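Heads up, there are several structures right after this.
Consider the two complexes below, in which subunit A is the common component and subunit B and subunit C are the respective partners.
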Partner chain A sequence: MENVLSILFCLSLFYLSVTSRVKAYVTVLRVQGIILTILLVIPFLSHFSVYGIIIPATMLIVKVIYIPRYINKVILDLDIKRRIEPTIQQMVFLALVIATIVIIFFASQLLSKSTPLNVIPFASGFSAIAIGIYIIMFRKKLIVHVCGFLVLENGIFLFGTSVAFELPMLIELGTLLDVFVVVFLMGIALNRISSTFEGFEVAHLGRLKD
Partner chain B sequence: MIELFIFIALPVFASALCFAVKNLKVQYALSLTVAVFHLTLSVIVFLGVHQAVLPGFFSIDSLSKLFILILSNVYFWVVLVSFSYLKRPAMPKAGEGKRYYFLLLNFYLAANSAAMLSNHFGMYWVASEATTLSVAPLIYFYRNEESLEAMWKYLFLVSIGIAFAFMGILMLTLSAKGTVLEGQQLFFWEFIKNAKELNPIWLKVSFIFIFVGLSTKIGIAPMHSADIDATSNAPGPVAALMSGSLRLTALLGVMRIFQIVRFTSSYDVVRIILITGALLSLFVAFVYMFKANNFQRMLAYSSVEHLGLITLGLGIGGFAFIGAMYHAVYNSMSKVVLFIGSGNIHRAFKTREMSKISSVLNKVPKTGWLFLTAFFAISGIPPFGMFFSEIKIFEGILFSDMPYILAPVMFFLLFIFVNMGRNIFSMLYGKRENGEVHNETEPFDFSHFVSVALLILLTAIAISSPDILYQNILVIAKDFGFAL
Partner chain C sequence: MGLGLLQGIVSVLVVLGLSPLFAGLVNKLKAILTGRIGAPLLQPYYEMQRLFRKETINAIGSSFISRISPLVNLVTMIIAAAMLPVGFWKPVISFDGDIILFAYILGLSRFFQILAAMDIGSSFEGMGAAREATFALFAEPIFFFSFGSISFISGYTSLYMILHSIQHQNISYEVFIVICSISVFMLAVTECSRMPVDDPNTHLELTMIHEVMILDNSGLDLFLYQYSGYIKLFIYAILEISFFYPFSGQGYLLGIIIFITGSLVLATALGVVETIASRYKMKNIPQYLLFATAIGILNLLIYTFTR
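Moving on, here comes the complex of A and B:
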């Protein structure tokens, strides 16, 4: 089950690399949030506890409901154009993504021989981290950068589940809260940027140089 | 329990109150009270009068004792000077920024204290991300384009950096697979105790991720750019906080993982990484000083230089480690004086470009003299403390297995000093062409008082060299396995 979900997660990364609509990014973030929530819920199907359901519930609220809705609101409020405006061709980007994912899967396979780890979730999480960085590097719009950052965060989360490690609940909630506030602050900053620079692209941010 | 309340809960509570109370004077009084409580407690804990026992994910060891003292010392002086700064901000547009200033400052104190007192990697991560969140809106205090850009870059790059650090923490759990630590919580001391059993490959990878990730916050080259932008565009007191304490909070995370690696076979590799990062930082600062144009940016690069020196001390070990700890103490205080002076100069000249600033000593003489003294302090001129700590670091390098490193370090430091001096002297003494110079008088205000007090404290600590500080640093060195 875990592997199926991780592969679905990986497929969402491919979709990210071919789509050129900002809205699609938000949808993908939502789907990834749902996948991560299901991953968290699975252990509780066998032995249910009210206490343990808090983190999946928070995950659902933060990553599936609140953040996508907030990003959509920012897009709507600022009237950001629908296209993502890449800096390299989509086909080249896709090739890069495929190459990266293949390499990561092979490398994880090799690594799994010396350390016991779940190859598919591990590699999927790592791929998401790489793709998140690519999105930040090869896209002009700042709002897409925020989406890239969130893909990276999701990747880290999946990676965390693959090493089968559980943080205490308080800290887990803290990490979710931190992501929540980061996105909130980034939204406010974007709002300011759009009114100060009349645009939302990286090109506007070039005042600070040595 | 009461310690945790004063160190963390009280600032959070004050932060909430600052949200409710709109009056700036009340906010100031509240924040100052919290700062005094915080400082008193950390002095008491540092002196060992009171043995603090903290519950859960928090604990105090000699390293956090020292760092929390640095934090509350810097914070206290910054809060003290903040009101006079807010009354007359360098730019008139700062009205909106004032409202949340003390709120964020209190939140900053809480987050930093939590990060410094944490004994669990997860808790440390949450708290240090919170410090980024508290300081980012403070960078945007002046509401202008530069500060907006600086805030965006800081928020974004540091968040990514911290995400990398989180990956490093996850890799640490991977390194514990198959040992007694598997499935255990990520407490520092547990890992230090069982360090030898950890998988060396994952441990190295973990260190690299944590070091690179936190470098964005410490300001170690080549990840220093966001930090420089932020420090150079923040208002003076906030820049002082960032240089004096925030960078150390991030350094603490690196030191924790370094302490684990110290007792394993990966130590040699990790040492080289630390030393390389440190030398690169010195080099970056060295290159920038030749073309410096913005004086606050120059000071930000000076922070890169000094954090580089501290990291170098960590990497070299032995005497250099002792020197690095002293350097952290002295650097924090000198930076506060420099950035407060820089805030005053910015206010007087309405610009940070050095080409447009001249005759500071005539226009704002008190600030000018204090700025000059602080420059001597930061450059390691005796009797200021930096002289002694730098000597210790040099001595450590000379008697280590890599004495040849001393040559590039000395070279970089010399040129950084010469170029910084040239720029600062032309700001202080230089005269504009066909410009008339009027000698103006400057009222003695809080910022001068704070500067004088800090400079005296700095010299007093350096000259009297309190035994308690030395003993504490020795204990830290022992915890890190550097027997002297």
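Moving on, here comes the complex of A and C:
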């Protein structure tokens, strides 16, 4: 079951690397949130505990409902255009993503010989981290950078679940809070920039002067 | 042995006889979904009958290539159809490694079509041939990645044996079906020049891919090209359906039922996609195909590492 969900996660990553709409990014974030929530809920189906259900519930509220809604609100408020404006061709980006995923799968296969881990969730999480970084590197829009950061964060989560089945709860809650703060700050930053500049592209930040 | 051969011949006849009906069904569904009444279900048969009666005229500058190309097209399609399992019937041609023959038989037909298009010497057709060759380059890996991974799982290299040895108890097989059928659907859409890649109804030479190559053919030649086009669509439909055979539990009757419902569902899916999707820009098509290849690669990776 974990493998199945990880495959779906990988498919969502592929979709991220071909789509050219900002809205699609938000949808993919929502889907990834749902996948991660299911992944966290599965262990509690066999032995239920109220204490353990807190993280999935928080996850559902923050990742599936609150953050996408907030990003959508920012998009609406600031009237951001729907194209993501990549800096390299989408086709090259997709080829890069495929190459990365293949390398990561083989690397994690090698790793799994020395340390006990689930290859597929591990590799999917690892790929999500890499692709999140790629999105931040090769896109112009700030709002897409936020999405890239969130994908990276999802990747860390999946990565964590594959290495150790029970992460210390405090750390997990900490990561969630971290993300929330980042999104919040980005929103504020975008609002500030919008009052000063017209566009929301990183290129404009290069010309920032006091 | 006698019964097996009979079954194979019947299934080839089924493919040859019903392929225009399938194309007619897709067109009818598309018309209904866009709010039109549409042509009758048997329209492809009528059109083929009309073309059959017409005189064949060849371009002055053309050589023997354009004479034999339509025939080669039809014959390769029939051979490809003879390799497909319809329901649970054993196909006529079935041996170890026939997935590779299957891919390159289809490749041969495309090769001859491209040659014939260039042979006529019209600039439009040369352009169409160039496009067809480019997109075929990206489409071929999709077939090999999806069928290569399914052959990895089963351990056989013959289409019939692959589909007959797979059990579906494992949950990962179901996921595999879903993922694989997505990429094969994208392949079918490309190869049969349907909507997101190529519009079969377009009449502007600059935007056509497949249709522009047969622009200068007439009469019997056009009949052969169109008929092989219908057969090709049906072949890809059967390929897509064949992923679902393991659900039938090796029963003959259930296999036939899956075949029929699968065709209907697939025709509906094609109709819906053609209704809601708009055509991609020409430069975005390789990206679309690479996406399908990526899905295939993912499949292969997963099956290498969960074994």
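The rule is simple: the second predicted complex is superposed on the first by the 202 of 210 C-alpha atoms of A that agree within 3 Å, B and C clash if a C-alpha of one lies under 4 Å from a C-alpha of the other, contacts with A are read in each partner's own complex, and residues count from 1 in each chain.
Everything that follows uses one rule, which is that a residue touches a chain if its C-beta (ideal position, glycine included) is under 8 Å from a C-beta of that chain, and two chains touch if they have at least 3 such contacts.
Everything quoted here is computed from the prediction, not taken from an experiment.
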Worksheet entry | Residue contacts with subunit A in the superposition, subunit B compared against subunit C | B
Item to complete: Based on the superposed arrangement, let me know which partner A:159 touches: subunit B (first), subunit C (second), both, or neither?
Response: first
Discussion item. Which partner chains sit in contact with A:25 here, subunit B, subunit C, both or neither? Use first/second/both/neither.
Written reply: neither
Worksheet item: Which partner does A:97 contact after superposing on A: first (subunit B), second (subunit C), both, neither?
Response: second
Worksheet entry | First, second, both or neither for A:3, with subunit B first and subunit C second | second
Discussion item. For A:119, using the defined touch cut-off, is the partner it touches subunit B, subunit C, both, or neither? Pick first, second, both or neither.
Written reply: second
Worksheet item: Regarding the shared-chain residue A:189, is it in contact with subunit B (first), subunit C (second), both, or neither?
Response: first
Worksheet entry | Partner chain(s) touched by A:134 [first = subunit B, second = subunit C, both, neither] | neither
Response to the item:
Both partners, subunit B and subunit C, contact subunit A at residues none
Worksheet, complete the sentence: Residue positions on subunit B within touch of subunit A in the complex are 57, 120, 122-123, 125-126, 129-130, 133, 136-137, 140, 145-146, 148-153, 155-156, 159-160, 163, 166-167, 170, 173-174, 177-178, 183, 185-186, 199, 201-202, 229, 232-233, 288, 291, 297
Worksheet item: Can you name the residues of subunit A that touch subunit C in the complex?
Response: 1, 3-4, 7-8, 10-11, 14, 18, 90-91, 94-95, 97-98, 101-102, 105, 109, 119-120, 123
Worksheet item: Mind pulling up the subunit C residues that touch subunit A in the complex?
Response: 171-172, 175, 179, 284, 286-288, 290-291, 293-295, 297-298, 301-302, 305-306
Discussion item. Under the stated contact criterion, what part of subunit A meets subunit B in this complex?
Written reply: 114-117, 129, 133, 136, 142, 145, 149, 152-153, 156, 159-160, 163, 165, 167-168, 170-171, 174-175, 177-178, 181-182, 185-186, 189, 192-193, 196-197, 205, 207-208, 210
